[in-house]
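The following pair of complexes shares a single chain, chain A, combined with chain B in the former and chain C in the latter.
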Partner chain A sequence: MRRFLSVRVWDLTTTVLVVVLWEIVADYIYPAFNANSRNIFPPPWAVVQTAGNLISNGELFHHIGVSLLRVVVGFSAAALIAIPLGLSMGAWPGWRRQMSVVVEVLRPIPPFAWIPIGLLWFGVGDTQSIFVIFIASVFSILLNTVAGIDAVEPILRRSALSLGADRRKLFYHVILPAALPQIVVGLRIGLAFAWMVLVASELIGSTSGLGYLILDSRNLGLPSLAFMGMLIIGLIGYILDIGLRTLERMLMPWR
Partner chain B sequence: MAVMSLMGRLSAGLLLLGILIVWELFSRFIFPHYEASATLILPPPSAGLRDALALLQHGALTEHALASMRRVYVGVAAAAVFAIPLGVVMGLSSLVFRQLGPLLGILRPIPPVAWIPITLLWFGVTDAQQYFIIFIGTFFPMLLNTIAGVHALDPLLQRAALSLGADRPALFEQMLRGALPHICLGVRTSLGLGWFIIVASEMVSASTGLGFLITEARTAMITERLYVGMFAIGLIGFLQDRLLSRLQRRMLPWI
Partner chain C sequence: MDLSGTPAVELRNVSKTFTSAKLGETLLALDNVSFSIQRGQFFVILGPSGSGKTTILNLVAGFEPPTHGQVLAMGKPIRGPSWQRAVVFQEHALFPWLTVADNIAFGLRMKEIPKRTRRDKVAEYIDVVGLSGFADKYPKELSGGMKQRVGIARALAVDSDIVIMDEPLGALDAQTRAEMQGELLRILQHEKRKTVLFVTHSIEEALKLGDEILVMSARPGRVKQVFHLSQARPRSILTDPEILQMNVELHRLLHRDT
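So, the complex of A and B:
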């Protein structure tokens, strides 16, 4: 929804009102009914203060760095395997028929469901998160690569062949550029999944990263930390998507 | 001919069958030679089958599956009740759209899983917490699809209806009909997504459900039960989507 971004100042009225109302309720109204209110429903200002503290002692950047590294490694591994695999499935129909059955059996399993087995195989830590991120992004990249090759118009293929292109040229100059938009769609979906699954995998089996940070807030009884963590997770997810979109425009200036 | 096509279909499963056989033989005869805890790390598929039958026999599998399904359906239904009317209003009124846009733009990129810690603080380990996670996770796809549905209406149709003497209720009905395909898509996406999310949510905080089943299997080190849980989750998700698309074709054949 790019349209959510193109806001005019007046459009922020409701948002500002909601934040102000939240501050008033959390500071003055709710505490009158519940002495424990700060531990349940923190005001926005407390969220800002928590963010300030964590930024100044560097803890926030540590967790962000750990999370980003996991996503980058898992996602890159998925792309490095899924794109060539998808291309090979597009090239050989027999191989594709066989692979499709395997993929169709595995694909409906939610990536989250791989977390326990990942934990069992790799224990608590980086490898587990990377494994689950890999699983989460590999299928959408693979399926979209195959779909991208399917979408290449046969006329383009035939005209390239009749103009004397060999298989190599056909692949690099016709099929790959034509399939690229769909591959990038797969990458974007895969990255969104990867980010979501990362949070879950850090919630369940990790001692660092943003997912761990928000779970820890619960143990510490610091809900402002949870809110801050959620906003940061949302923001980074958003920035990652913008990054891929920029890449899309750089790779395919003709679109 | 029927036999031929059946044979053709079955032959596509050769690779899958090969993988299963190699896995079975590897886990039974080769892996135990090198690793003392082989049956713990990678039990053969036949062990999973045996465990599935045992779980089915004393009804545990069905019970957990029904618990998960109930959570998803309640959460999605609650989200639909709010998201679809709001989507219609936001689609029709550009003022509401522009005012709520920034607020929703902030909340939307937050992965539903990231809401788990704060909702645990609010609701504790209850079904209400699970409903809330499903609600948050499926609200946005339904909202965005409804808005898109209303925006995609052909203004020509509206003008035609007006010039043929349609009153406001008739116009509204025509608008709802026009937006229905998008709304249905939103509901279907949401049910699939809800099924994904419930697994993660139950892994962190629940004492029933398929997500709980697989985390418990990990803690108890019954690896073959992980296979069963993962496969059951995948199968139910797949069947649910099939059923929905069939239902949609039956009830709304013009889509």
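So, the complex of A and C:
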């Protein structure tokens, strides 16, 4: 069976039907009630046309590139800090108790609430977005790393100890690989959050990126631009998750 | 000093209590238990649930300390887990991220045995437990019986003085279990005088495998009686009159408890 982005071609039937329905509503049904419908609810071909224009003048890839860079930098920084921190908290209960109040108070703050502070500290631009993306993804990676270590079955620890593992070897040869699946879950959730707040931060404090593009469509009175931006955001989010799932399979062939 | 006369394992007046923090209750799991296991013996602990079988095993493995008394291995007090007392668990406890070969090699890696020796040893044990052709499979690809073969190979490959087996065949279906009892005897023939501490609640299994059977009583766990068997293995437990007599006796002892 032919596959496209890990989906069988036949399974795309509903997707095609949704687009067809969209076309019918936007081009035939809605205009019958509202003469201004084109400027509110564009048909799919208008969205494709807008995308075509932005691709030919290079603007679309510029905005995608800017957004991706922000996500990659913010998310990577979060992973580089959260994974070692989570591992250390999982390994040393005293250190974890020290950290727990700080983490538990900061964690429930919605990442969007950090945007004004980000703007104040870093101004309009890349750094502000990266900061908010970092905040958005760091907690899910951290907490899942700790949870992954907690979930290591005691019998596997005992099994390793009775085969001669010392504390250090136990950590590298048992706890780390046993916690890995949960750490990857944290990365996937973190990446989803990162992508979500990216758009919010660009809507408010940026002059480039996909979020900015969506906001710009309102100023330009061009709804097809917003639709296009949204679809591209959705599509890239989807592709990023597939990428992480592929990485998951490569890292963990035993699952 | 010649230690060859020292028992492989010795429990001296061992008691173990557990305190439930939630209920504030104390449970006496083992009450003044003493026995010793001679080197090279296949020593079976038989008892109903709640008789402290697993507690004894955890003490000998070094997973838990006794509340009172002394637990000795090769004449020395046990201070914690060691590869000298490798454990085969009922739930096999294989590392799911390692292949069959890497699971068997685990103890050897922990001991930092050179790669070449390790490879030879792993190949040897894969052969001994009858898993040729499965070296590169992951545990999830194996049946219950095969997983337990890996668990046994893993504990034997590390070359410990003592192997502790916690109802290793308890999770298997009846047919596989009977087959594995025979396999275990065959596998252990490959080992030179290894001391085995084997925990079970199956009378049949105890009679088939043990040199010595220690019967425990439940709540609190106490030593009830010790049986010696000198019959050669594999044994038929249905024809030997002495074993038949023991069978009746063991049933009587265990069923009075439950």
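Everything below uses one rule, namely that the second predicted complex is superposed on the first by the 218 of 255 C-alpha atoms of A that agree within 3 Å, B and C clash if a C-alpha of one lies under 4 Å from a C-alpha of the other, contacts with A are read in each partner's own complex, and residues count from 1 in each chain.
We take it that contacts are C-beta pairs under 8 Å (C-beta built on N, C-alpha and C of every residue); 3 or more make two chains touch, one makes a residue touch a chain.
Not measured: the values here are computed from a predicted model.
Where does A:Val174 make contact in the superposed view: on chain B (first), on chain C (second), on both, or on neither?
After superposition on chain A, A:Val174 lies in contact with chain C alone.
Name the chain, either chain B or chain C, that contacts more residues of chain A.
B
Once the structures are superposed on A, label A:Leu21 by its partner contacts, choosing first (chain B), second (chain C), both or neither.
neither
Looking at A:Trp254 after the superposition, I want to know if it touches chain B, chain C, both of them or none. Which is it: first, second, both, neither?
After superposing on A, A:Trp254 lies in contact with chain C but is clear of chain B.
So, A:Gly211: does it touch chain B (first), chain C (second), both, or neither?
A:Gly211 sits against chain B, while chain C stays out of touch.
Considering only touches as defined above, state whether A:Ile242 meets chain B (first), chain C (second), both or neither.
In the superposition, A:Ile242 contacts neither chain B nor chain C.
With the two complexes superposed on chain A, say which partner A:Val124 touches: chain B (first), chain C (second), both, or neither.
Touch status of A:Val124: no partner.
Per the contact definition in the header, classify A:Val48: touching chain B only (first), chain C only (second), both, or neither.
Once the two structures are laid over each other on A, A:Val48 reaches no partner at all.
Would you check which partner chain A:Ser162 touches, where first means chain B only, second means chain C only, and both and neither mean what they say?
After superposition on chain A, A:Ser162 lies in contact with chain C alone.
If we count contacts the way the header does, which residues on chain A are in touch with chain C in the complex?
So the residues of chain A touching chain C come out as 153, 155-156, 158-166, 169, 173-174, 177-178, 180, 252-255.
Spell out the residues on chain C that touch chain A in their complex, using ranges where they run on.
For chain C paired with chain A, touching residues are 61-63, 80-83, 85-87, 89, 91, 93, 95-98, 106-107, 109-111, 138-140, 154-155, 158, 164.
Which residues of chain B touch chain A once you look at their complex with the stated criterion?
12-16, 19, 41, 98-118, 120-122, 144, 195-197, 199-200, 203-204, 211, 214-215, 217-218, 221, 223, 226, 229-231, 233-235, 237-238, 241
Within the complex, which stretch of chain A touches chain B?
Counting only chain A, the residues touching chain B are 1, 3-5, 7-8, 10-15, 18, 39-40, 97-102, 105-117, 119-121, 195-196, 199-200, 203-204, 211, 214-215, 217-218, 223, 226-227, 229-231, 233-235, 237-238, 241.
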